[in-house]
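One chain, subunit A, appears in both complexes that follow, with subunit B as partner in the first and subunit C in the second.
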Partner chain A sequence: MDRASVIALLYQLADDELVVGHRDSEWLGLAPHIEEDVAFSSIAQDEVGHATLFYNLLADLGEGRADDLAFLRPAALRRNAVLLERPNGPGSYLDQPQFDWGYTIARRLFYDVFDQIRLEVLAGSSYAPLAQAAVKIRREERYHLIHHTTWFRRLATGTDESRRRLAEGVARAWPDVGGLFSPGEVEPGPVFPATPAELWDRWVAALQPLFAEVGLAWPGRPDPEGASPDGRRGQHTADLAELLETMGEVYRTAPNAAW
Partner chain B sequence: MDAVRKPGFAEQVPAGPLGTAPAAPAETVRQAPGEAGTAARSERQFRIYEIFVQKDHLSPHVWVGSVAAGGPEEALVLAREQFLRRDAAVSIWAVEQQAIHRTDYADRDFFARETDKRYRTLAGYSQANAERWRKYRRALLDLEQDFVRD
Partner chain C sequence: MTEAAVWAALADVRDPEIPPVSIVDLGMVYRVVLTAAGAVRIRVEITPTYVGCPALEIIRRDVAARLGALEGVAGVEVAFVLDPPWTSDRITPEGRERLRSFGIAPPSCSRASPSSARAGADPSVPPSLTLILPTEAPPCPYCGSLDTHLENLFGPTACRSIYYCDGCRQPFEGMRSV
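Our next item is the complex of A and B:
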């Protein structure tokens, strides 16, 4: 077993889910309507639950306590894609939030399709605990994908305003999409039996028909030399530092407390 | 959270001699983008869906409440999170509230039960008939009486 690749992969998975779960949770009380608020918060909790699973696998491999890995590691050690750490919009919950639902749905859908493909690949991983976790998580993620695809279709085929704002969200999310596929420190091999090119092809094959169905222009391949930092190699934005500051604030006051 | 709206509330229509009038027609379906729009197109157009949940394959679907949604797929997706956060289930039905026909609460005569209808109940069976059947079965199987002749 290529231990270094397994650990690197688990950090990518865990950090991805934790960061996107936190960004989703920031929509609490601010989602378009109340039933969507409940559903979206539920999905955020699911993502953090998945992150917990992965951090526990890391703890089993001797990386430390799962809670410490989640809350105490600095931004430079995180391996999530930069797409997921971007803020939902200007402001914060306590200070004039003007979050962008079109961007959120676009970002969530792009990540969900990518995650679905990644979990399918991992179901065939040679590292058994990861393969088992992937099978379980994929069943839950299927609902997330249905949920966000429904929203994507509704916004794209709704009113002129919803269509415009979704298109703007897609455009804003697109430069960061390439960062999802960066391999980071993971070598393709029995632990992760797919190359970034294969993942990209499957992702495009899943999303391009959806864009065509709702009549949105396909933005084409993101510029590989694009300005977006590579989160999978520890290059992050100031937004992540702020996110970790907020997320870990309570935990850091007493890391050894029993909650 | 006000996610539970019982069908029939605040939608009473006065009963005529032939019964209640049908409810108002549903709001228009959302239009495709690009069509010439009016001011109404920028408003959200939600329908109310009544949600029925079947908790396992041997149980019936039970009404649990309602959700406001733009279409049936969204209603099902939202209903899962509104009503099944804690309980397991195997099926959800979403029925447009406008598709549900209802009686008028004010129309008491519709439910009048003035005469004695005890003939429809099972009362009295255990005293009369059940006793007799037990006696006949005992009599059938009484070997000493019927088969042993000495």
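Our next item is the complex of A and C:
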């Protein structure tokens, strides 16, 4: 077994799910209507649950306690894609949140499609605990994909304003999209049997028909020159540091407490 | 001590979020292993409905307590396994009936239909985005009406969606096909 790649991959998976789950949870009480509060809370719970599973697999490999891995690691050790750490919009949860639903739906759908493809690949991983987890998680993530696709279509075909704001959200998310596909420290091989180029082609093949259906221009391959930091190599924005500060605040008050 | 006695005891362990339904009804118990030499030790393998289900630790505790109360049991081990993955097809006919009596529509049985990506279609196949359609709604568990529609794909727990019955004019929950 390529132990180093398994560990690197588990950090990417765990950190992606935890960070996006935290951003989802920040919609609680602020989503467009109460049904969406329920939906985003449920999605956040799913994602954090998946992160817990991946952190526990890291703990099984001797990386430390799952809770410590989740709450105590500094930003430079995190391996989530930068797309997922971006705030939901201007302001903060407690101070004048001007969160952006168009951006949220675009970011969410782009990640869901990537995650489905990644889980399909992982189902064929040579590392059995990861392959088994992927089969199970994929069945759950399917509902996220259905939900965010439905919203994407609804915003794109709703009013002039909803369409404009979705298009703006797509444009804002796009420079970060390439970062999802960075292999980071994962070496190509049986642990993760697909190349970044193959993932990208499958992602385009899944999304492009939806753009065509709703009449949104396909933005094309993101410009590598304008690319955002590579989160899979520990390069992050100040937004992640702020997120980790908030997320770990209670845990750090008593790291040995049983919750 | 027999394996059948252990299964009978497990039928007393309720789902903490749906009390009329046991973990056996839900098909969560994958396997029971007894070590026969000397004092009996029991290993129970449980396949979680959802990976992030917050009720799992409660279920672990309840299983350990119920089996620990059986005569001649020296130890109980509860393990969560993902292989096989839990699917809604594992719910027993009795479990489906008990869900309905509790006001939760049981999940539709999955059937492979690659041309459709409705939420009730085969959950192991990722949907093509352009084929995602409004979700089919199950019959109302209260009045049996088929005049129902989806209110929210997400509900009060990870495994449920919320529907509305236009027949008896009330909302109801449905267990998802997973």
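Operating definition for what follows: the second predicted complex is superposed on the first by the 258 of 259 C-alpha atoms of A that agree within 3 Å, B and C clash if a C-alpha of one lies under 4 Å from a C-alpha of the other, contacts with A are read in each partner's own complex, and residues count from 1 in each chain.
Everything below uses one rule, namely that a residue touches a chain if its C-beta (ideal position, glycine included) is under 8 Å from a C-beta of that chain, and two chains touch if they have at least 3 such contacts.
These numbers come from a predicted model, not from an experiment.
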Subunit B and subunit C placed together on subunit A: clash or fit? clash
Between subunit B and subunit C, whom does A:Gly215 touch in the aligned arrangement: first, second, both, or neither? first
Regarding the shared-chain residue A:Val113, is it in contact with subunit B (first), subunit C (second), both, or neither? second
Looking at A:Thr52 after the superposition, I want to know if it touches subunit B, subunit C, both of them or none. Which is it: first, second, both, neither? second
Chosen between subunit B and subunit C, the partner touching more subunit A residues is C
Quiz item: Is A:His147 contacted by the first partner subunit B, the second partner subunit C, both or neither?
Solution: both
Quiz item: Between subunit B (first) and subunit C (second), which does A:Arg163 come into contact with in this model arrangement: first, second, both, or neither?
Solution: first
Give one of first, second, both or neither to describe whether A:Ala206 is in contact with subunit B, with subunit C, with both, or with none.
second
In subunit A, both subunit B and subunit C touch residues 35, 38-39, 42-43, 143, 146-147, 150
Note: in the complex, subunit A contacts subunit C through residues 35, 38-39, 41-43, 45-50, 52-53, 113, 116, 120, 132-133, 135-140, 142-143, 145-147, 149-150, 153, 206-207, 209-210, 213
The answer for subunit A against subunit B in the complex is residues 33-36, 38-39, 42-43, 143, 146-147, 150-151, 154, 156-161, 163, 215
Within the complex, subunit A is touched by subunit B residues 1-3, 30, 32-33, 37, 41-42, 44, 46, 67-71, 73-74, 77-78, 80-82, 85
Residue set of subunit C touching subunit A in the complex reads 50-54, 82-83, 85-87, 117, 119, 123-124, 126-130, 132, 134-135, 151-158, 162, 176, 178
